[in-house]
Amino acid sequence: MKTVLKGASLFALTMLAASGSALAGKADDTLNISFTKELENVDGYFNSSREGVIMQRTVWDSLLYRDPETGEYKGNLATDWKWVDDVTLDLDLRKGVKFHNGADFTADDVVYTVNWVVDPAHGVKTQRNVNWMKSTEKLDDYKVRLHLKAPFPAAFEYLSGPVPIYPHEYYAKVGPSGMGQNPVGTGPYKVVSVEPGKHFVLEKFDGYFKDSPKGQPKIGHLDIRTIPDINTEAAELFSGGLDWIWQVPADQAEKLKEMDQFTVANESTMRIGYIDMDAAGRTGEKNPMTDVRVRRAVAHAIDRQAIVDGLLKGKSKVVDAACFPTQFGCTDDVTKYDYDPEKAKELLAEAGYPDGFTIDFYAYRDREYAEALANYLNAVGIKTNFKLLQYSALRELRMKQGTPMSFQTWGSYSINDASAIVSQFFKLGSLDTARDEEIKKWLDVADSSIDPEKRKEYYAKAFKKIADQAYWVPLFSYNANYVFTKDLDYTPTTDAIPRFFQMSWK
Amino acid sequence: MAKTIETVEAALSGPTPGQVLRGRIFGHRGLMFGGVVLAAICIVALLAPVLAPHDPYSQNLLARMQPPVWFDKGTWDHPLGTDHLGRDYLSRLIYGARISLLIGGVAALISGLIGTLMGVAAGYFGGKVDTVVTFIINVRLAMPVVLVALAVVAVFGGSLQVVILVLGLLLWDRFAVVMRSSTQQLRSMEYVNAARAIGCSTSRIVFSEIMPNIVNSLIVVVTLEMAHAILLEAALSFLGLGVQPPTPSWGLMVAEGKKMLLFEPWLIAIPGVALFVLVLVINLLGDGLRDVSAPENRN
Amino acid sequence: MDNILSVRDLRVDIPLAGGTLHAVRGLNFDLARGETLCIVGESGSGKSLTSLAIMGLLPKMAQRRADKLEFSGIDLSSAKNRQMRSLRGDRISMIFQEPMTSLNPAYTIGDQLTEALLLHRKVGRKAAEARAIELLEKVGITAAASRLEQYPHQLSGGLRQRVMIAMALMAEPDLIIADEPTTALDVTIQAQILRLLVDLQREMNMAMILITHDLGVVARVADKVAIMYAGEVIESGSSKDVFTAPQHPYTRGLLRCIPVPGKTKPGEHLGSIPGIVPSLIGKTQGCAFRGRCDVAIDACAHDIPERASVEGHLYRCVHDNSQTQFSASGEINTTSQSEGRL
Amino acid sequence: MIYTLKRLGLAILVALAVSMLSFTLLHLSGDPASAIAGESATDADIAAIRAFYGFDRPLIVQYADWLFSALRGDFGESYYFQLPVAQLIGDRLSITMTLGICGITFAILTAVPLGVAAAVRPNSMIDRVALFISVMGQAMPSFWFGLVLVVIFSIKFRLLPPSGTDGWQNFVMPTVVLGYYAMPAIMRLTRAGMLDVLSADYVRTARAKGASEMRVMFKHALRNAIIPVVSLSAVQMGFMLGGSIVVESIFALHGAGYLAWESIGRNDLPTVQALILIFALFYIVFTFLSDLLNAWLDPRMRVG
């Protein structure tokens, strides 16, 4: 038994070390990529997954482009833009751009796409991406006017992200499912074949317009497969069947790095983890979470630094405010709770729980982290009744009845603006567990003002109160590990959107 | 003369039935091995608080995945190493025996109750009852177990109770099929007819005439379904829809160690081997009991 | 007359957990073409094993030994499997006692009838089927041609046994062994089938070993009789000798159990022999029948000599019974016990 | 004929009951709208989706609606993929079917000869080996076995690809894992059946005809012993298809089992619903076919 186990692990390691990347994709100019999740529909308006965002940036273009290095907005399909007033934006469009199917890009495509997606009857999956727009009108063949429903400071962020432009004649003909199966865009790669959810083959689009801010695609082919199991992924990597994998868990990434056979890159992402508590008492008046001292006790009970060091590793950081530090409006100047189990116990005793209490603790992902959190809570006397639900089931529960306590994460859809997180959850919506009128008022001001300084001021007010009242216990920011062949030149970005068009062979 | 007859008779009369049974039990290697190891696992499970060197729930995030003692970096403080949260693996393994046995035992009990009830009713009453029960069995068999179990656990959320209940409610088919045919055979037996003729009540006939005679095959099915339930729980946990952490179930431990299969294979090997041994000995016990209770029907 | 089958000191041992079961102990007989040997005995007396021993079809665990086991000049005791196979179904064939289960349920009558012929002779399917039809008609089955397409389960027991007989005759064997061919059948059919079998045997001039416990049949058809008890032949000889002058107390008991038309009065008890057959496991000595025998003496526990009353009429008993004739009544108990009843 | 019709009617009833049960069970999860909406949807998104798919109607209406569409081969549209479920499944089913057929073939091809050999020589070495293999197979968790195979054959020896569906090589390990799951039961039944049949009178009859051991074994004995094995194999095949989830997830075979698992996680009800029904139908069809095959093998079961 003993020798068998020892033998087995030695065996596994030596054979990993022994294998090279004989079949690496550089030779046939194909980057072999794996996603761990099935992508439901390549049509970016009808998926809500990270893989969808990646495909959307690869196959299509939006009106604007935000440089991930500088954060500066550049023209993509638009060349120039100007606010007419708070709710009207005029855009000049780029000439000479062609879709993959040969059609010319004109104002008709923008008008059709925007007017189609803003209609709720068409069932665009992520309404927030489009429902701030009212309509578009064509001013001439290469000029459009965009009408907003209300002032929307984050408009550029959205226009440069989740609003890709589709060829109007084609989309009118095939609709979302046709677009999903035979995608046509203007982007740097065109889709050669699609097996829904399984396998996508992309080819460099030779007709990609020369002065795109995205740059020109360099690698000939992208071959994307879905491999759900990290072990299989790693095995494929070793056998040369894959050149690039990502979302590699910290432990595996560490081991792969030790072996020094691949490039292991780590970059932080905009996703943060937090504990959500039922401060408003939706699950019951006597719910201990309604007491601010209990919530503060929770904050003091958790050794966030140990979780970051032991579990998340990489570029993850402890966060104190309910936002990701680079987001516009985010501030670090809030109440901080250090790890102090004794203080947590004192606070609990003060609140009338000298012996602690038992409470339902929900989570939907990263079981490991949630389990570690539960263990910290148990240690100060908060006995957790741990429940891991599917995301949808937990969300349903939170919206209908609320949950006393849950481990949540939010990736802000890679929108580098605080509104993408705090305004989602603290404006008395069904997922607002604090239900603080004051915070809502501040956020309303911050969200709709177009004066950046005023926005910052009001967001700061909100973050301070959230921290002070410990409505959430912000925990840490996530990171992503990318493991790829040493032949590949690639640097990951904070927004966790791999840009294949910027990768090249060394 | 009388003496010769005695000798002849002595030559004819073998050992008593009790002796035969005892001889068969102790002579059956699989049965003995299965019985002894299973008993040992049960004892370990019962004495878990005494035997476990650490609290199976106490974590140390800075001492995660320490290897077992036989690796270079292993220490005797954690003879089987620590898991992904730095919890003592041996302690979790010992407590895990309780969970696996509980899941196997209670699930088999629930399914045994349902299946036996349906099987005996169908076999005893025949006619429409039999038709209905056979139909229900058919429906049950046609439902893809893993899929339905996954869906139900996904709907109700995984917890020990839910998993046990789901397995119990899904695995009764074999009980029903076996009990139905056993009861059918018994019902036509003379002593059952006799009991009916002298006016015994149905429940009396079922409990004092039928049940004692099907208990042998019942026990065999119980062992099979116990093993089945344990394996199925492991599969559900592997797919992420089994019992919930921090419960130290072996199935869950395999699932948790799965991610590190390539790098720390011992993480999955230890609970995997424990699971394998447990299921193996339960099966050996079941096979052995079947051989012993009906040697002519081996396999 | 040349013997087609010669058996000397045939033994069948079955090793069991509790010791060796000596199921057949030192059998001797000769059989010539055209002759019928009837082997008579209770169940467990070893008569079926004897027939299987000759066929070479004993269960794997059983061990066969013989000083001589010669069929038509071929030494069966040393014959290779291949040679045995070429004899079976061709020159020696067998009819089993269970017509209900002796036919393969998965194949048609025609398939099973023609199988032996196709295996042993270079004949085409057509010819084999023609022969099958001919034999089916011979065994008294009407619409023989259409029967070939039928399956065993579509036939009654009597018909199946007729099929079995036809099957055994397909290759015109020299020796036919019929192991209680009528036991499983209705009494009315039993007689028909036996009659048929004997007629065919005579017509084809085959040697036949008929295993039965119907003494009435034996009296009618046998040329030779061998009475088996507990693995041993305790009396053998020509049918006439054995029936008219039974020597062994067991044989006499048996004969008393047959109702004789005209002699047995209605309502009169038939004879029966109380007691049970002793275990044959381990070393046995002396007369196996002594536990049930009314004339047993202490010497019965020792070796029993083989005696001859007349030429070819042999029996094993301590008493020289040819000198002391038993009367037809008295010594042998006539209460109706079922144990030893045939 | 009447028997066949009755059998068919029963099969349809069973299928109906399964669909009704699973439909109810799945809709106990409540409103699937938030699942469809995805992680970053707002309340408004969910309300729009709820109205769009008609989740506000009574359950029975939704079921009836679903059933009548399903009868026309229309299983609705996947919430997740925005594609007709029928098309989605049709695509994946061929993989699962290939896997199932390979798996059951592997199981039969190993189990039957092993079972026959074990029955011919009970308690011999080969019998013990066969028993050992079957006991191992019954106790070994299939995900563990699959992962061990990946480590050995994909990484160590690089003989077989660890994942994907590009060629026959991709199916070797999944076939072995899936087949080994079904093999012990088939092996044991073959052995028991052969033991039974080998002591049957008609086997002795065949021997008495001078048939060779091979002929006795395969023509006379196996033909009869195989009848219950056929039924069992059909049942196992049904179980295998439904249980291929684990194997498909390990080897990244994008078959129907894997789709089912993912769809459960995504609350993609139309897909899960259709898959449960289709797996049930497979089971029903397989058992029906095995009855027909048995009737061919065993004339006693032929009716009319």
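General observations
Which chain is which? They are A, B, C and D, in the order written, and residues in each are numbered from 1.
Simple rule for what comes next: a residue touches a chain if its C-beta (ideal position, glycine included) is under 8 Å from a C-beta of that chain, and two chains touch if they have at least 3 such contacts.
All values reported here derive from a predicted model rather than from experimental measurement.
Number of steps on the shortest path from chain A to chain C, with steps defined by chain touch: 2. Using mean Cα coordinates as chain centres, the one most removed from chain A is C.
Of the two chain pairs shown, A-D and C-D, the one joined by more C-beta contacts is A-D.
When each chain is reduced to the mean of its CA atoms, the one lying nearest the mean of all protein CA atoms is D. Per-chain Cα centroids separate chain A from chain D by 38 Å. One inter-chain figure worth recording: chain B and chain C are separated by 52 Å, centre to centre, where each centre is the mean of the chain's CA atoms. For the pair chain B and chain D, the distance between C-alpha centroids works out to 23 Å.
The set of chain D residues touching two or more other chains comprises 29, 147, 151, 155, 249, 265, 267. Multi-chain contact residues of chain A (touching two or more other chains) are listed as 12, 16, 231, 235, 390, 393. Contact residues on chain B toward chain A in their complex (touch as defined above): 57-59, 61-62, 64-65, 67-68, 70-71, 84-86, 154-155, 157-159, 244-246, 256, 258-266, 269-270, 273. Every residue of chain A that touches chain D in the complex is listed here, in rising order: 11-12, 15-16, 19, 38, 40-41, 43, 46-49, 120-121, 123, 125-128, 131, 176-177, 180-181, 195-199, 225-229, 231-232, 235-236, 238-239, 241, 390-393, 395-396, 399-400, 411, 413, 424, 429-431. Residue ranges on chain A touching chain B, taken from their complex, read 1-6, 8-9, 12-13, 16, 230-231, 234-235, 249, 251-252, 255, 303, 306-307, 309-311, 367-368, 370-372, 374-375, 378, 386-390, 393. Those residues of chain C that touch chain D in the shared complex are 55, 57, 81, 84-90, 93-94, 96, 98, 101-108, 112, 115-116, 119-120, 151, 153, 164, 167.
Contact residues of chain D toward chain A in the complex are 29-32, 34-46, 48-49, 52, 78, 80-84, 88, 91, 147, 150-151, 154-156, 158, 161-165, 249-252, 254, 258-259, 262, 265-267.
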